[in-house]
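Let me begin by handing over the structure; questions about it come next.
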Amino acid sequence: MSLRNTINASVSPKGSLETLSQREVQQLRETGSGSVYALFRQCALAILNTGSHSDNAKTILEAYPDFEVKIHQQDRGIRLELLNAPADAFVDGEMIASTREMLFSALRDIVYTQSELENQRVDTETSQGLTDYVFHLLRNARTLRAGVEPKIVVCWGGHSISSEEYKYTKRAGHELGLRGMDICTGCGPGVMKGPMKGATISHAKQRILGGRYLGLTEPGIIAAEAPNPIVNELVILPDIEKRLEAFVRVGHGIIIFPGGAGTAEEFLYLLGILMHPDNAELPFPLILTGPKSAATYLQQLHAFIGDTLGEAAQKRYTLIVNDPTEVARQMAAGIKAVQQFRRERNDAFHFNWLLKIDGSFQHPFEPTHANMAGLNLTRNQPLHELAANLRRAFSGIVAGNVKAHGIRLIEEHGPYEISGDKDIMQTLDRLLQAFVEQHRMKLPGGSAYVPCYRVVT
Amino acid sequence: MSLRNTINASVSPKGSLETLSQREVQQLRETGSGSVYALFRQCALAILNTGSHSDNAKTILEAYPDFEVKIHQQDRGIRLELLNAPADAFVDGEMIASTREMLFSALRDIVYTQSELENQRVDTETSQGLTDYVFHLLRNARTLRAGVEPKIVVCWGGHSISSEEYKYTKRAGHELGLRGMDICTGCGPGVMKGPMKGATISHAKQRILGGRYLGLTEPGIIAAEAPNPIVNELVILPDIEKRLEAFVRVGHGIIIFPGGAGTAEEFLYLLGILMHPDNAELPFPLILTGPKSAATYLQQLHAFIGDTLGEAAQKRYTLIVNDPTEVARQMAAGIKAVQQFRRERNDAFHFNWLLKIDGSFQHPFEPTHANMAGLNLTRNQPLHELAANLRRAFSGIVAGNVKAHGIRLIEEHGPYEISGDKDIMQTLDRLLQAFVEQHRMKLPGGSAYVPCYRVVT
Amino acid sequence: MSLRNTINASVSPKGSLETLSQREVQQLRETGSGSVYALFRQCALAILNTGSHSDNAKTILEAYPDFEVKIHQQDRGIRLELLNAPADAFVDGEMIASTREMLFSALRDIVYTQSELENQRVDTETSQGLTDYVFHLLRNARTLRAGVEPKIVVCWGGHSISSEEYKYTKRAGHELGLRGMDICTGCGPGVMKGPMKGATISHAKQRILGGRYLGLTEPGIIAAEAPNPIVNELVILPDIEKRLEAFVRVGHGIIIFPGGAGTAEEFLYLLGILMHPDNAELPFPLILTGPKSAATYLQQLHAFIGDTLGEAAQKRYTLIVNDPTEVARQMAAGIKAVQQFRRERNDAFHFNWLLKIDGSFQHPFEPTHANMAGLNLTRNQPLHELAANLRRAFSGIVAGNVKAHGIRLIEEHGPYEISGDKDIMQTLDRLLQAFVEQHRMKLPGGSAYVPCYRVVT
Amino acid sequence: MSLRNTINASVSPKGSLETLSQREVQQLRETGSGSVYALFRQCALAILNTGSHSDNAKTILEAYPDFEVKIHQQDRGIRLELLNAPADAFVDGEMIASTREMLFSALRDIVYTQSELENQRVDTETSQGLTDYVFHLLRNARTLRAGVEPKIVVCWGGHSISSEEYKYTKRAGHELGLRGMDICTGCGPGVMKGPMKGATISHAKQRILGGRYLGLTEPGIIAAEAPNPIVNELVILPDIEKRLEAFVRVGHGIIIFPGGAGTAEEFLYLLGILMHPDNAELPFPLILTGPKSAATYLQQLHAFIGDTLGEAAQKRYTLIVNDPTEVARQMAAGIKAVQQFRRERNDAFHFNWLLKIDGSFQHPFEPTHANMAGLNLTRNQPLHELAANLRRAFSGIVAGNVKAHGIRLIEEHGPYEISGDKDIMQTLDRLLQAFVEQHRMKLPGGSAYVPCYRVVT
């Protein structure tokens, strides 16, 4: 029995385009763990939990053990019947429109993914095949709009930030919206919500009715970062790598706000791509910014990039402290250059085909002890490869600190052993230490920081 | 020479319906004090000042002495040329869309008013004639939409309120918007902005694209209370009485948030109307509300009504402390009753024809010493007449305290002498004293409160 | 009792903007001959008769003696209750949408006209005042759209033409529509319908959703020329002169198809205006055209213009026989020149302010014997004045032949005596004779043609 | 070198949603017979030939031997470059919007089909798999719209009919459109165009902006029956069987107008399906109609059905001679029943899942001598199987008469030998003889009719 307020309801898409075949409906009805239904139920629960402030996926799922969603095919199309659904998704008994929309977006994406996999349609062997898959999924979700001028700004950063940082993201979003730009985020709270909220107000001021608030997520993260209700286009990519690729292929520029270790990893992901020699000429506006109170954090991150990847990497982004208007102005100017570039190269405005993403960024890195030990963290390689390896090291360290699987590995085998140039090791250590001091890294049980790696010389 | 940042610009209506005849353009070009041009220039300057936080009309007008606006008739319609305009109305050199829209709304209303007056078309002798005039002006502004279900909530309250009170109005607006309601205010800052901002966010969540943020103002007040840029329908009524009548004829319910003496006067205006015997059966949802921090204020106002007009008056409204969700729910329920009532009586959803407004509320009250002395403030009359007289007394006291003309009268002739039932006089005194203590009444030069009236027995 | 099929129905405007004040509703309810109600009833009956093929106004009005229309003000706005209405306006008991729309257009224009007259708002003394009145009425009907590029083609010609001529107007309309142009006519059958029908098909092919089919009429003619149901903007001007002025002020070019004496009179009206020296530089595309079978007619009309007004007049239009594609091409090119001209002169695209219309074309000509005898039909005057007088002569002759009032005058006083240059008299005679032979002039009772005038030397 | 007028042009989709991946663009560029490019070129040429009156596919293809279409990926999406294209598709050098739209529809469907086949995604083994394929293709073309009430009327009949029959189809379409219905045809001339043209006019009268004119075709027939330009939704199904299934799954009712042998075959196809016992309860409005001049034809077809399949088959349709209003009324009533039925059974309005289509109707019939000889044309079987076999016999006879492949078979092996009940053979013979006499069957070279089959007892 649920201890929370729940509600039973039946919802239909409002003027939706979604139609399902009988077979698709049948598949969604087959329950069982690992089934399409289980996946959809989990995403639906996360979406319905949109008002909640918990970011603990497990908690949410366990709080509504008897939640069920049934799919019916009816005269006017699909209808969803919800049993024991979180009451917060409703206003006076009626589901909030954005929540309803997102439920049907989840349905659309999960049916599509399932159907593609079942037919072995995705070519997962080649880099081109994986990119095509991301393209097809976004096209099916009607995210790719031919003929529209570039204006999608991706905002990355933490979902759990200080009140001052949150206000800053709202102000930045407001300035971006005043300049007609749309917002794309990971679709949870914090940095993922603030810019959308700011842009909603400024789009209203500019009488922009079709402002886009694009949220890209994946099943593993949606429960922990429930889509905020301002998101008006939700896309559920099948995994983390597809989601990251979607960000950099549809975004015309990226802003990095303060965040935890995950944000830093994303930053390295993007720098690793941008430093690939094939991307040397390709314009990609990238701004690192935050309010005055985050100045130290920003400087530390900036210094870390300088120490490891050098000035070349630092030149791929601009650091702006406490000036949201300047952030928006520079982003607008940067996107103008992107538009010019794509026009000259005949690349699509709606999908960044020309960006070279190496296979190493498309396949997940498994943070085993062997893989970590094998990482090349020396200057004895091209910078973009060092960036890729740093990202992997970072990914492993994060996992060893906070992810269930990584923690277990550390418990069993002791700390990861990594080796590399001494100064690189030191600067990495300093950065993580700073994150801990600034409460940007959630440690299990609030315990003191015990490094999960050690440097072998 | 202006000390402020200014800009020169040329703007056209975006897909606007506004067209002017050559004669109308000619009239707008004829400058001179008291001219149509002077009126339009003043309103335009207020609108362009929308970002500013000053509420001192004189200051604004004096800050841009060389501001000019020229009207041109061109191939695609009207074009406005602005010289030395406040720079804050622009983003990177381009005027904010809502500001541009409002300029053309002002043009529309001023041309209409001028044309009606010039042709002696308005019948100002009869109550019916004045109501018809309000109707025609609103119709010309396309404010009256046949066939739309009732959902306009008027929010009254101060333009200069505490941060907590402001947040409360945002939360109330958010809850109203979640329930599909539109917001109508006096279109300045404070209570006039908060509910619109909240509703903008919740309308986005509910995917309501055509949410209305209706601002009603008049030339005498627009400079002091510049329309906030969320307003997407601006109407400039010719004077205070027409504006008040417009509020109660187009609003389907009214919420009174904390405010100064002006707010109290508006409250009395509405109670005076509602207590007219002809309106006894007419449903009109009216809610007095504010956050916890305003509880004392709300109780004082409530007690004042009880002391003077009695329980009958208190029954016409609901007092809700610190519960924006309940405010929205009760307003929604109240408006359902309004809809039912109008359907039964065949009254228009878009204009409250059945509301009886006595001529005494349509004509301005001139606060001279003689008029003040002549007010009947005793219980020796029907309650709705006492309400009307209290409103007049209140209006006079406010004028004597803060309005230039009133202050001068007091300086020349000493305090107003008013007489009436003793307890009525006392409770009035107590309320005003409380306003002063709560900093809700702006006193010239921040001086101590010296009553501008005395009671004669 | 009516001998025809009738139906009772109740209709509301579909999403209409029309709202009426209580006073306006009251006025419409006051019956009596000469009343606003009588006028509206007559127009409503004509509109409901849209499917019928009769062009005899009297017949129509007499066929439905017990037709009534009641105006109700209700919650959602105005509702019309129709009693004993012609059944042809309905499909399976439901009124055709275009008919419903036109009823409310008629209501709008009649209320507006009434209100303007009642308030003595129209300045009928000056040419400028009359033009302003036409402008205001069209603006109130939302016919004037700022910002839209010129593309309104007026089509003039007979309402009773041969099948081949009708098909030709459809083909011309099709070609105009393929080029994105809108159609404006007098809104009855024949030439007033064909081009609209052709353009409807080609607008569909060009995926033009907002194609305009503008019908301009007046109460005296609407009964005889019921608006065809393709008209999607109906405007009822108060009289013939306002209607003619509306045509030449909103049309960007005019095509003259075959027609009777009325068409010829309209042609002379326009040539008279265009030959005014003030209009010498003003571009105004004017095409005289028809199918092969109408070649003789076209040549005769062309010769008549040449004989009387000379080559200068002939240069103001182009004669094109049997080539609808060429007609559309030349019209498109002509309108391009109009656009260029207005841009240079800052004249509105939506209203031809720069066209000089002399007062003599704005006031009606009364065809009394004295007025006819006094006409100056000699070359002893500027050509544009001769054109004006020829139009008057023509108007008188038409009246003497077919209009009730004119026929009575002739019966009482014998034929009109007109005098003028001999060759002018002869060519006029020849043209009218040709019209009779081609069955383009309806003669009472089908009798042989007896001239209603004689030439005095 | 082409002898016809040709033009070179470059076209982009207007606000289109179509986007292609780089791989898809690449595939379209690979030329060669049997390639995707060859298929697209052929369809494109047919679409561009929309104005032409030739119905000879080979002629069209040969008339433009040097026609080429190149696909470019550009900043704003896909662009097509056309070389030596038929000039009739352009108005003053600009492509007609509907033609442009159809080009991109063809691109969409051909890319989709290719991609499905390449990935072996279609399950062609089972009836369910084939139906799913039709569903997915229509869904990808956005033909299936959830939530819309049933109103799609399929019109079948000849592409080459008499002028009187053509006018009759326009009148029927007009009546259908007046009642809000949409039209679906095979998208060529004749019966495929008339109802759309009529409905375009009546949709305009009813102010229906989103009227649908759905054209379903397939690559083998599109060249001979070029889509008429009123079609605003074109879908190219991969073959004849998919196209027929699409008609009966998306249409809510079907009207059969006069036509040749192909029309009769379609009629038998549908009757064969409707007579399947599983469909006994399923409502499917079916009307056989034509003008007075086609009365004999209609009676002959009706008699043939009665003679072979009996009264039970005749009860599945209504025969209406010369009454388009009655046709529309009965169709509207029939579709109401369909709506009711689907609501009760929870079947989709947008796709007729409940209609049982036997595999024998989904797989093509190969008209070899052995297959023809093996047909069971006796009453010794269920009626719906006799219907299926009659359709096959009919299909073979048609092929033996007019199709290249069939004629060759007859030349080589002599007439088909078919056997069956004597009366069935006779009535079949009579019907075909009547078709020949009425010029409804195109015979090669206009030769006299020599039966291509003989009855073996």
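To keep things simple, chains are lettered A, B, C and D as they appear, and every chain counts its residues starting from 1.
The rule we apply is simple: a residue touches a chain if its C-beta (ideal position, glycine included) is under 8 Å from a C-beta of that chain, and two chains touch if they have at least 3 such contacts.
Protein identities per chain, from UniProt: A, B, C, D = AMP nucleosidase.
Predicted, not measured: the structure shown is a model, and the values here were computed from it.
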Chain copies touching (chain A, chain B) - same or different residues, decided at half shared: same
Gap in Å, rounded to a whole number, between the CA centres of chain B and chain A: 45
Rounded Å distance, chain B centre to chain C centre (Cα mean): 47
Geometric centre distance via CA averages, chain C-chain A, whole Å: 64
Chain A residues counted as touching two or more neighbouring chains: none
Pairwise chain contacts, counting only pairs that touch as defined: A-B, A-D, B-C, C-D
Residues of chain A defined as touching chain B within the complex: 14, 91-92, 96-98, 101, 178-179, 197, 200-201, 204-209, 213, 229-230, 232, 329, 332
Touching residues on chain B, where the partner in the complex is chain C: 12-13, 15-19, 21-23, 72-78, 119-121, 128, 132, 135-136, 139, 142, 144-147, 339, 342-343, 346-351, 353
